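Each chain carries a letter (A, B, C, D, E, F, G and H) given by its place in the written order, and its residues are counted from 1.
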Amino acid sequence: MHPDKLRSIMAAVANGKMSIEEAMVSLKELPYEDLGFAKLDHHRHLRRGFPEVVLCENKTPEQIMAIVDKMVERECNVLATRVSREVFESVHAVHKGAEYNSDARAMTITVRPIKRRKGNVTIVTAGTSDIPVAEEAAVTADMMGCRVLRVYDVGVAGIHRLFDRRHDISRSDAVVVAAGMEGALASVVGGLVECPVVAVPTSIGYGASFGGLAALLGMLNTCSPGVSVVNIDNGFGAGYFASLIASRK
Amino acid sequence: MHPDKLRSIMAAVANGKMSIEEAMVSLKELPYEDLGFAKLDHHRHLRRGFPEVVLCENKTPEQIMAIVDKMVERECNVLATRVSREVFESVHAVHKGAEYNSDARAMTITVRPIKRRKGNVTIVTAGTSDIPVAEEAAVTADMMGCRVLRVYDVGVAGIHRLFDRRHDISRSDAVVVAAGMEGALASVVGGLVECPVVAVPTSIGYGASFGGLAALLGMLNTCSPGVSVVNIDNGFGAGYFASLIASRK
Amino acid sequence: MHPDKLRSIMAAVANGKMSIEEAMVSLKELPYEDLGFAKLDHHRHLRRGFPEVVLCENKTPEQIMAIVDKMVERECNVLATRVSREVFESVHAVHKGAEYNSDARAMTITVRPIKRRKGNVTIVTAGTSDIPVAEEAAVTADMMGCRVLRVYDVGVAGIHRLFDRRHDISRSDAVVVAAGMEGALASVVGGLVECPVVAVPTSIGYGASFGGLAALLGMLNTCSPGVSVVNIDNGFGAGYFASLIASRK
Amino acid sequence: MHPDKLRSIMAAVANGKMSIEEAMVSLKELPYEDLGFAKLDHHRHLRRGFPEVVLCENKTPEQIMAIVDKMVERECNVLATRVSREVFESVHAVHKGAEYNSDARAMTITVRPIKRRKGNVTIVTAGTSDIPVAEEAAVTADMMGCRVLRVYDVGVAGIHRLFDRRHDISRSDAVVVAAGMEGALASVVGGLVECPVVAVPTSIGYGASFGGLAALLGMLNTCSPGVSVVNIDNGFGAGYFASLIASRK
Amino acid sequence: MHPDKLRSIMAAVANGKMSIEEAMVSLKELPYEDLGFAKLDHHRHLRRGFPEVVLCENKTPEQIMAIVDKMVERECNVLATRVSREVFESVHAVHKGAEYNSDARAMTITVRPIKRRKGNVTIVTAGTSDIPVAEEAAVTADMMGCRVLRVYDVGVAGIHRLFDRRHDISRSDAVVVAAGMEGALASVVGGLVECPVVAVPTSIGYGASFGGLAALLGMLNTCSPGVSVVNIDNGFGAGYFASLIASRK
Amino acid sequence: MHPDKLRSIMAAVANGKMSIEEAMVSLKELPYEDLGFAKLDHHRHLRRGFPEVVLCENKTPEQIMAIVDKMVERECNVLATRVSREVFESVHAVHKGAEYNSDARAMTITVRPIKRRKGNVTIVTAGTSDIPVAEEAAVTADMMGCRVLRVYDVGVAGIHRLFDRRHDISRSDAVVVAAGMEGALASVVGGLVECPVVAVPTSIGYGASFGGLAALLGMLNTCSPGVSVVNIDNGFGAGYFASLIASRK
Amino acid sequence: MHPDKLRSIMAAVANGKMSIEEAMVSLKELPYEDLGFAKLDHHRHLRRGFPEVVLCENKTPEQIMAIVDKMVERECNVLATRVSREVFESVHAVHKGAEYNSDARAMTITVRPIKRRKGNVTIVTAGTSDIPVAEEAAVTADMMGCRVLRVYDVGVAGIHRLFDRRHDISRSDAVVVAAGMEGALASVVGGLVECPVVAVPTSIGYGASFGGLAALLGMLNTCSPGVSVVNIDNGFGAGYFASLIASRK
Amino acid sequence: MHPDKLRSIMAAVANGKMSIEEAMVSLKELPYEDLGFAKLDHHRHLRRGFPEVVLCENKTPEQIMAIVDKMVERECNVLATRVSREVFESVHAVHKGAEYNSDARAMTITVRPIKRRKGNVTIVTAGTSDIPVAEEAAVTADMMGCRVLRVYDVGVAGIHRLFDRRHDISRSDAVVVAAGMEGALASVVGGLVECPVVAVPTSIGYGASFGGLAALLGMLNTCSPGVSVVNIDNGFGAGYFASLIASRK
């Protein structure tokens, strides 16, 4: 709350235009409105057209349903990640507009038209097994209004496949690179493009991949400067972060 | 290289306007110019006004001097990180324009005026011990033409210090959060601002901090979506990434 | 055993009021009664009204049933953790007073009225997925006679939710913070309240959370001084420890 | 800030007893006073008589001196940890009241008499090598007004030494156990006493102790319920936490 | 092969008592007989009456059956570990003498009477959940002819239970301590007895126990000198090692 | 593309023997042919007679079927690893020539006769449980045209079994050693043979084997110089690498 | 304390042969004498002739001197490990009988003649760099009265060196194997000898040896049954444990 | 020893051409000559012209000097790694032919002319900081008679530098790739060349590189099949392994 607004409320109280109780109501939410906590989060979504997001892992079907109901009631677009088909079907029985991306295991409900932006987000994967994580990023970027380009299965063992698409990738405002195993693709893409690269390690691999740890460490130690990293398998986080960048344009 | 350009070279050869040897010269660099490898990196710096960067850790004073000489010769602005005062002084004896940020242990040589941009990058630290990493980010962002705001020592144990500055932080195009120990500040800042937050864990701490691992894992597991992470103590990487974002404006 | 008591037994023997064999019986348990081992543990529970506790993980249904039978026979209140619904139902068929907290997966049998104390324990969670661990702490604190306040889903990504409840939390004698992912909530709460904070990392998260390791390390490295930590998912331990503190009042 | 206080300010404004500008001054600090952030921390120390604490590791001598000067100026008692003898001597040259505990590497300046409390804190170590960490805890507890009992070198390899002192230990309001190597002492003490036990793993050991990790994991996995854990070598944290408990009496 | 034997073979060749081909046959197996490899292993079992041991984990039922058939054919006593009840029943259908210890998941076939020795092996556990590992050790020691004493559920949280049995334990020639969680019992037992203690960490625990790693590290870092360690859950190895010691008497 | 070839294309354009459009077609694939990316990989297989390889883990049956169809269409020999029997049977229903090695869980389709080479690859295992990994290596080497010798179950606990076969092993051009647990066999074999040894740690073991980590670290730290290492359970990689060496002969 | 002794004390009190106060004195130490804690440790050394042991790492020269003085005063033989030459020289200035093994960095003072036993302990190393750890074991075994055989530098890369000495090794009552890098030697020795093998990993190695972790894990995962393990570089522990075994003969 | 040789010795004994004692001398070394242990290693070097190798880390100057003296006496070429300049100078004072590669910290003494082979080994590095490890590999390959090509500083952040040299690299018989940080170069090179690639992770990097662990894991998880890995910073091992391959030609 700007000092000006605070001053004007008090002036209204001082000159009797506002009762003390009316002022109390205005000020009741002040610590949070001023700090922008409880509502800011919500406002951010509403104001910028971003969807509300629900991470469904470790939530019961009842909890998910209750949250979705509330969101739809508030007329928010919904993006739910790590949704089983069973849960999707329960939700769909109630909310007919619900859609399911089975690769991403993501559910979306588009209550209000998505606000389209100019930003382009390219999603790149090293292999076909990385696609579920990539699709989670893609669904997220799409729900945030970005244009999404998918460039899948261009890992460094056959690096020509990547170079074939480099002009497309170069036109991005942000690139998401999803890769498991050694995660080397993030560094190579980071060396080729000018825009920021958001690297998302995947848990694809075996043995000394340690559930994505090898790819994670590789990406954190990248020798290419314009690369940052999100958690293993966090397609949503990568798509969200890339869309934040791309939608600034 | 666009097909059009390739076609016009061949047309010139076909109609004799260009000799085969002249075409050879044009095409000689083609695989790299077309792919934009060797030169692109260099061009990227020149075209956008970004400095050339030298990581001096694990390089000998002789190597550093040779690299800096070459860059200055090419009229590039230089940003050298992890530079000891001794090395700086050797360089300064030759390149009088060299400057040293002793907190960041960074050396800069501004051969050509830095191209100023509109972007604001805010650098936030949890404690005073995180300042060296923060300053490395700040120097980097400054050399990339961004306006830099420093908000230091606002860790979560006294969270009011952060809230005091939240309006300033909110006006950023990108925020860098440098924090060691548990690294919780990144999540809190990520929940407060709308712009992307680049988290850089620092090796500040002891015991179960394991050289910054605790902060790194904390930041990767952030519950705030708009946060991505770079390597432990990688102030340069964080500053570079944030500046890439901020300078897109 | 106080020297006085030992001296009086021997005096009774010396003056013939106690036979040697009677003295033998009294002294037989001495090494343990004196040291307070075997019985002390038991006495502690009885004297202070704390329940006997059974960790059911890795025990067979038969073992659990046998232990519970014995405790009820001794007229102890029972708190059993990590109990499957199946096991609960077997026990309930025999001990009708058994109750089941399905969130906590905890079973309680209140054979004797719980001795109510003045202490308040507040249980705080970062997210809804942390509730099972929190409920284990809550059930424990309740069985130990403390008043329990639940403040759930107030993680740092929307920090206003926490501040909304801070006055309630501030009135606690001890606070338990259950959080997974980066576990930052413990540090933030530790910076807000004056009473001791017992942090319990949960295994909620994925990827680089490594089964709660990220939250554990974050909590151990907290920059807020009044915070200590128990094992991952150890809701019982956190509730027990907090109740020990709160019940000293 | 209680609603009553807010209401009274506004009433004063409404009836002209307070000018708008005066109200502005009162409200200016409100978000923090009400939330109790910036000042609360400070107030907590002043109100309860706890010292201000400075972790000197990773701070320059100049920074430490500046912080200490400011604290003394505010008439706060000072506790500085991880202070080298050189730094102590610089401070002592200026602040003659500064004292140095060379085992703990802790410096104290007692500007105002320490408020003595009823609480007893016992500090227990497994070996002589754990004494530096234990002394850091002891100095902290002393500065917080608790009575401190030291029981050193009573590790489990010669468990009789511990039992010899168990009656003394049993009279504590809180116990700190500092142990390196396997850290088993915390569990044994936890099984013997009724009060809360704060375990602090030390980095004493070699090989598979991994800098205190073995002791840390052992303490986190304790089979004794009334035990919680702080960071490796965090004597201050253990002493502070134990004193918070003990001083509630 | 002793030089004498070699010399006598050659003397026999020299004086015609042995043909060159006969000498070839004698010498053919020499490198192995001399080194005692292939047979030694087998001989060791036969000579000392130890059973042949089969680790069944990761073997198919067919492989197990084939190995057991061969051993029985050679009139070896058989000890098979990590045997499912299904596999046991298949074997039992063929070899009626097969017995199953369901706690240990161990199968034994006593083809020849076990050679009884004087050695006593005591198996100690911290909790009831450690019993399966302890029973694997107990079955092994029994099959190796040692007298086995079981002292179960005497963990350090109620240390009197251990002391109650210390005279029994003290009469052992070797002690096996099986403990999970923090594994502190090994150090305490190591401080109480004079004979060697073989510590076997179990995977009992959760969270920061990391599948027995905490107990393993604790045992390796023991402050009691007469303790050595085998792999997590390796009841067989502990029982075998303790029996090697005990049977030397 | 050799400069000569580029020059000759341009000469053909210059003298009208090739139209610009024809030159465009030749040059269209140039960046990749010249760099040898997209086709090189493919060519390598075709030219040298190596099979195309599909890692089926984390691929859907539909994806596998589609890839196999395409390969067979291109007349490539197929090697598919980590294939379930179900997937094999689906493929076999369509491609009758498909064969299944159930130990290795590998599927092969030999469309064109394998080009036989002179190289010998010996596959050695420590135990019987390592055979699946060994067989994956063996199938790979066989499909690459090498002669394969299997020497299984010759672990160091009964080292004579290994020495019995050392002359056979010594005649190899490359040796693959598959071992779990402590992985010591790789070092012992490395000390016995002159040819390169490719060590593949297996995930066989339990407890502190940590899924093959112990064997991996052991092999990386080998004191025998002619040993290199591939990922845990990577039988294909070991077989491929050994065959690359052996087939150079 | 046997019940008989307790009974006789009480009988003496009952019949007036012992005053109550005399009985008090007898019983005062009872809890410890009976449990054998404080004195037992000491008695064990005295009765069996084992030396008192001091781990000097992390102790100050003053502490070491004070401890040694006390031991010599009590006429105990002294074994001090991890002693710098400087500390040795200070001690030697006072206790002329002190001797220094510079390889082991161990100091011994033989106040009373060492009680010689029949047991043989063989100390085996993989390389020359493992000798310091081996010598610590050797000094320990010697001070405990065992005959020590040193077999150094017989690692598996040149396994013949080991076999050359196998008859000598076979005559041991216990074998200590000190090895760094991959630690394979322990398994090989374990497969060759019948007596117990105590494996001590050393921190010799680099890179993925991780300070001895690779050797430690290798030894814990040994496929040879008669092998147990002590902490990394714990030559004393290995020598002590092996001597406990050997001296039972 | 071939059976033929054994037979001929015995025939000579049988027909009196060789005395028994003479045969004893011939046979004395037999167990090792036959098994090829002690001498084979030596013979391997002599026969193939490979140098004897000494790892000087953790050896004293005296030990190094003694070993080198012995080797030179035996007329072996010497390769000593991890040699300080001081040690080199001591050796050089005695053996004037000693040469020092200061980048590699390797000392060589070429007593007999190196046997030149046809094999080409290319050593590739990602950065300039990896050169010490690369030079250790290069010196090794050179001493083993291979032709060495150095391609330094061609990391993936500027991938064109690599492609510039790919024709040179393609002519190799084996490639060594030395890279720290994320180690991605090994996978990229593995995708470009047909010959085996030996990857050596370096400890270059900071933070989450964990001393080369990130590069090591990346290389082990490579998606390019023809890549195997040696220990962190093990330039010697990589050069030796590559030379074994290359010299088979």
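The working rule: contacts are C-beta pairs under 8 Å (C-beta built on N, C-alpha and C of every residue); 3 or more make two chains touch, one makes a residue touch a chain.
None of these values were measured; they are calculated from a predicted model.
Taking the definition of touch as given, a chain qualifies here only if it contacts subunit C and subunit F alike; those chains are A, B, E, G. Listed by label, the chains touching subunit B and subunit D alike are A, C.
Two chain pairs, A-D and E-F, are weighed by contacting C-beta pairs, with E-F ahead. Note: centroid distance subunit G to subunit H, computed from Cα atoms, is 39 Å.
With centres defined as mean CA coordinates, subunit H is found 60 Å away from subunit C. Within subunit H, residues 31, 35-36, 41, 157-159, 163, 191-192, 207-209, 213, 216, 220-222, 225, 231-232 each touch two or more of the remaining chains.
Looking at which chains touch one another, you get A-B, A-C, A-D, A-F, A-H, B-C, B-D, B-F, B-H, C-D, C-E, C-G, D-E, D-G, E-F, E-G, E-H, F-G, F-H, G-H. Taken in their complex, subunit E has these residues touching subunit F: 31-32, 35-41, 57-59, 63, 201, 203, 211-213, 216, 231-234. Interface residues of subunit A, counted against subunit H in their complex, comprise 126-127, 155-159, 181-184, 187-188, 190-192, 205, 207-210, 213-215, 217-225. Those residues of subunit G lying in contact with subunit C across their complex are 3, 6-7, 10-11, 13-14, 16, 20, 23-24, 27, 31, 34-35. Those residues of subunit B lying in contact with subunit A across their complex are 35-36, 40-41, 44, 48, 53, 163, 166, 173, 191-192, 194-196, 198, 216, 220-222, 225-232, 236-238, 240-241, 244-245, 248-249.
By the touch criterion stated above, subunit C contacts subunit A in their complex at residues 128-129, 157-161, 163-164, 204, 206-209.
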